[in-house]
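First, the structure itself, so that you have it in front of you.
Labels run A, B, C and D following the written order; every chain starts at residue 1.
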Amino acid sequence: MLTTETRQQIIRPYGDTTGDAMIQLSFTLPVPHGPRAEAAALQLAGKMGLDPVSVVHSKPMGPDFTFFILYGRASHLIDYAGIDVPEGREYPLLTPKQVNLAIRTVLNRRLVVVGACIGTDAHTVGIDAILNVKGFAGEKGLEYYREIQVHNLGAQVEVDVLVRRARELNADAVLVSQVVTQKSAHVHNTKQLAAAFAEQDDPRPLLIVGGPRFDTVTAAELGVDRIFGRGTTPGEVAGYLVHALMPSWRPDE
Amino acid sequence: MKLGLDPGTVATARRLAARAAEPIIELARTHTTVSVERAVLRLAGITGADADGTPWVNRIVDAVRDQVGLEHGVALPFFDAYEGGAYERDAYKRDLRDLRFRLPTGAAAEKARQKAGRAVRDGIARIDGNRRDRDKRLAEYGDPPMPWIYLIVATGDIYEDIPQAQAAAREGADVIAVIRSTGQSLLDYVPEGATRQGYAGTYATQENFRLMRAALDDVSAELGRYVRLTNYASGLCMPEIAALAGLERLDMMLNDCMYGIIFRDINPIRTFVDQRFSRQIHARAGIVINTGEDNYLTTADAVDAAHTVIVSQLLNERFGHEAGLADRQLGLGHAFEINPALPDSFRMELAHAQLVRELFPDAPLKYMPPTKHMTGNIFAGYLLDAFFNLAGVMTDQSIILVGMMTEGIHTPWLSDRDLALENVRYVRQAVGSLAEDFRPGPFIVGRARQVLAESVDLLARIADDGLLTAIADGTFGVTRRPPDGGRGLDGVVRKADGYHNPATEILDAHD
Amino acid sequence: MLTTETRQQIIRPYGDTTGDAMIQLSFTLPVPHGPRAEAAALQLAGKMGLDPVSVVHSKPMGPDFTFFILYGRASHLIDYAGIDVPEGREYPLLTPKQVNLAIRTVLNRRLVVVGACIGTDAHTVGIDAILNVKGFAGEKGLEYYREIQVHNLGAQVEVDVLVRRARELNADAVLVSQVVTQKSAHVHNTKQLAAAFAEQDDPRPLLIVGGPRFDTVTAAELGVDRIFGRGTTPGEVAGYLVHALMPSWRPDE
Amino acid sequence: MKLGLDPGTVATARRLAARAAEPIIELARTHTTVSVERAVLRLAGITGADADGTPWVNRIVDAVRDQVGLEHGVALPFFDAYEGGAYERDAYKRDLRDLRFRLPTGAAAEKARQKAGRAVRDGIARIDGNRRDRDKRLAEYGDPPMPWIYLIVATGDIYEDIPQAQAAAREGADVIAVIRSTGQSLLDYVPEGATRQGYAGTYATQENFRLMRAALDDVSAELGRYVRLTNYASGLCMPEIAALAGLERLDMMLNDCMYGIIFRDINPIRTFVDQRFSRQIHARAGIVINTGEDNYLTTADAVDAAHTVIVSQLLNERFGHEAGLADRQLGLGHAFEINPALPDSFRMELAHAQLVRELFPDAPLKYMPPTKHMTGNIFAGYLLDAFFNLAGVMTDQSIILVGMMTEGIHTPWLSDRDLALENVRYVRQAVGSLAEDFRPGPFIVGRARQVLAESVDLLARIADDGLLTAIADGTFGVTRRPPDGGRGLDGVVRKADGYHNPATEILDAHD
């Protein structure tokens, strides 16, 4: 259900008047503070399409770096009408009851989910929020669903260990969390995960990855089935599991 | 009462303020101005402007002044000449050109006086009605707890201001102020109609008032919380704008006894006369005034000149009381403007703010955020605003103008306001009644007492030498303004015997 | 004295590693909060040349607006070597003594300066900082210079009044401050000023304008001789007056 | 002492903590670990790694363990087999392959014991020298006033870390911590050499320590202010890193009795044994330890679990004292982590922080900034950090870790750190001795007493049921860790009779 129609077709940023197109930016340049550094900051802003633009703050940080804050008018237009983003989600949100029913009806056995933080990532709060009964944002986690069997392997799990455990447990879905993103650790680790499962002969389980900073990569690039970002709730994940693993199933109204 | 101020010293300060104010009050009682007279006409229901945009009230007052002088007031000559009945007031527009004015005497005077009285009473009745309306809404919605959150909109375009004001109200603003265009205070007339062309603010016009009031009434109903509206009874048209505020149910008005003199170079006499009349209207309308002492600290140093703020507040209080304002209508202003680079700057701010709180326990103090030391560093600005918010809560201020992190850059954007509100909300919520845990030690107590002592000294000097001399000497805001300088002096007229003003007659009686 | 050589020729913004090119930006879009708004924000950032880029914060402001904070990598390079900005200033800074001596020597009369805030601008603090004895940043203002006669007309001066007074006073230089910039008020007012002086028959005085936000306009565009920005000190202005009005004069070492 | 805590309750809490700690201390005294033994070799001057990067100390300990077991310690077997004289220590590299170990007895044992003792004494002498060197520098420069400003660098590349650390010092940091790469705590060896490849932090290696120490010594001289260096004696190599810290004159070390168990899933026994030895070295080196209670509040709720922080601090204190640490070496950790959306969150933070201050009056408390409730909203983050800084000053904390507005986004950038320092500087400077004006009222006093009471209850339960049980039950950080789970248990060895450790011999004597 994609919506492309919209009242406003072409939009611009808004400062205090429609169409003013004003935005704020800040950055550091590795040059000494002074008029030349300011000119460099203005040049960068110009290349980014800001005109006019104003350096409202510049501050030396030691002898070799300068921090800048700028305000300016963005010359770019945003084709809002052309943005094809799912207005809702491409699958329905289900109640735990509906999810359980779907699994019972279609699979006729419990759905097996294996979760972990891989690599050296020790941030379990996110995956726990999805898996543990306690849940997130008022929704109970997947452990709460009678028809889902959850194996939470915890943090710092090596990829080959995860692959082995998933096979042993006959996992329908593998849920992996990646929170540390410095030097794109999350991307590398996820690709490594996907590659490891691809090497297996068995049909691989559904691969789901989650974490707060996956903005500009796509699931296809990573070789997984789905990415979940900031603020994901367990219910969204449960709904997706049904949608992806039991595509034929439709909830009764 | 945490500072242990000496009640004797406080009483002395008030006594000296009354002495310093007395000659000025006398001046205000014995003079009128073109704007006072125009305000009378506005109360009498004269609205609209000619094809060039000059309001009819200006056309009338100028014509009366030319033909018979203003020293007897505009009311008698106008209502003598003006044939339209009380309920067909717009008739004058057709025939103003033909009106010939005289100063009526005898029965003619009596007839004019009656007509004028009726017309003005209608206007004041509308103000009274608005006041009741406000009270009813407040009773219905309940009044938000103090400190009230005060936010400005300043796009220059009333139709951009409205959604921004509504958005601000939804985000938690208790009071919305529509900033005026830079030039308006120097206009000797009030523009007409809805306007979209202001610079750094939107013109104060009756129609803009009406539009914004209606928009805020809508959002008040939506939120179940009465959102107050503020504008500026300031500049050359102070009395008229006060009248319009009463007629359109504004709730608070910026209105200071000296701001126009110092920051707009308006003549001192003109200002003192105008402010008295405007305050009488505010008193009647139940409007809270906001005084402008905060501004002094943008040109003077906030530590050196701290006592000038106190002195001015005591004068504003005295003038306000004399004009009929109750304590709870005295939104005395002060500001968080100490240089943040000074050691203990925050504790000095606490000393000043607590001093003001304790000197004026019943006044709805209006506390202004940092402006002068706000730079282009929006992070530093956000931080400074947070400490301002904190000082406000710790010293129990009544109305908190919400500071913008972009104060040093541009008039507030939608997002600036949103972030500013998040800031206030966090601080209020997180610190709760931290005032309970705030017991000023020797540093703060000492600083507060010192400022009070300096205030008493300055008041004594002013009481002796005269307020006009003090203003001429640059006492306030390090700006010198001689009594005969500045704009608008030619609009001041000494009242003659038999001067008649149907509005003051009602308003004076009310006190 | 332009310096174009530099050790680093091509630079990029610096987050925490040389070459990472990371910057921050924030803006509002006039659209309801949601995934589509986020996609629009990413589109704008993409057009500005950020890749990859991450929406780290998005917040509905009422039903019609959304505020965004983003971080991303700027793809543009800054040609630091190519920036020809005066490393010093194009005229020497002089002591008040030297300025006085220059005026006495070259003009043989007092130099007349007329200052004002024009239009409806009432911000006198900036021009006062330049003109009043009190001065700015520890430097005394032009009134302090024995050989400079200062007429400070104050705020909200209309352009025709200023032109008339300048003529009456035989002004050598007219100094104008413009602080309010909303709707480019400062630019319009300054152009109006320049036009009014251009209409006169007499040779016009030196026109100097100042204020904190003249970043991206040039003096030529405005029709004035010189613009002074944030943090200008009186000494800089005095030095410029000598440089512009007495170009032949050189201070003895 | 503003909270009026009952001294009897405080004494009870300490008594219960000692009771709860006793069995664990016994465990630590009666066991050794591979890392303790490797630390002994490091103190004895064994450095370097083989071609694959495996440190020689690992190769040696593994070989000894394979051939004769570790229950007598590595010292005797190694120094028995190792022919190189005390001053040609690198000789073992050539012939490690050929070394055959045995447990020497009689004269051979005595000879080995002497050689080992000499070598380790040299290492400890170097640590002692470093301690004197630090004292000399501190005497020369003077120690900065508390709270010390503690900043982290975390680029992953020691050569990027260095300029950033120097910049931070120039901007006012008193303490620089080099965060470790995400994976290091699970490595059962300490990497070698200068490194440029860490994720979200830089490997702790002797060479990195040396490079950073030298860089900070340079900047200390430039600034005339001693800049402290911190790293992590934590994870599977806690004892070795402690030794390296002493050898390279680090000044503070993150070192907790339970952090590795809970947040790195390291085996509890392994951790408790390792922490004791590492603390003995820290005690000797004059290093201040920083404990990790702040971390509990990232997984547990800061209000519900406030008492678990206090309980853990009392345990860390007890273990620390037992290992020879003085009060002024106990940088007990706590954190500003209450959900900012809660009413009175800041006053609750004040209650907790003041409670910790009063319970541990002589400890250089390390106060950690908000992390859990930091989002991508950098303005809200800057604000929260400001209130953290304020709480730090108001409750007289000793070491303030500087919070970054980008905590919810990325490891700190150069500009984040600069802005964060501006924040701290403003707060410290502006509020001065605001603590003087802070007199907790009933709300804060009540909250503090409640947390103390809950702590006593929990300690009583732990003293009865055992600390290992409590950890298994998820008492700390809502994370369950059974005594036989987690990594590194296979590196724990029960000491045999005749176990010999030349380092503990010296360190125990020192107590």
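Assorted remarks:
In this text, a residue touches a chain if its C-beta (ideal position, glycine included) is under 8 Å from a C-beta of that chain, and two chains touch if they have at least 3 such contacts.
Since the structure is predicted, the reported quantities are computational estimates derived from the model, not experimental observations.
Centroid distances built from C-alpha atoms place D farthest away from chain C. The greater number of contacting C-beta pairs, out of the two interfaces B-C and A-B, is seen for B-C. Distance between chain A and chain D, defined via averaged C-alpha coordinates, is recorded as 34 Å. Distance between chain centres (mean CA atoms), chain A to chain B: 52 Å. Separating the centre of chain B from that of chain D, both taken as means of CA atoms, is a distance of 60 Å.
Shared interface positions of chain A, i.e. residues touching 2 or more other chains, are given as 14-15, 18, 22, 24, 26-28, 54-56, 59, 65, 213. In chain D, 154, 376-378, 409-411, 413-415, 419 are the positions where the chain touches two or more neighbouring chains simultaneously. Contact topology of the protein chains: fully connected, every pair of chains touching.
On chain A, the positions that touch chain B within their shared complex are 14-18, 22, 24, 54-57, 59, 69, 71. Note for the complex: chain A touches chain D at residues 26-28, 59, 61-62, 64-65, 67, 119-122, 124-125, 154-156, 180-183, 185, 213, 230. By the touch criterion given at the top, residues 3, 8, 11-15, 18, 22-31, 34-36, 38-40, 42-44, 47-49, 51-56, 65, 74, 76, 78-80, 83, 85-87, 213, 215-217 of chain A touch chain C in their complex. Taken together, the chain D residues at the contact with chain C in this complex read 154-155, 157, 160, 164, 375-378, 408-415.
Listed in rising order, the residues of chain B touching chain D in the complex are 340-347, 350, 377-380, 382-384, 386-387, 390, 405, 419, 422-423, 426-427, 429-434, 436-444.
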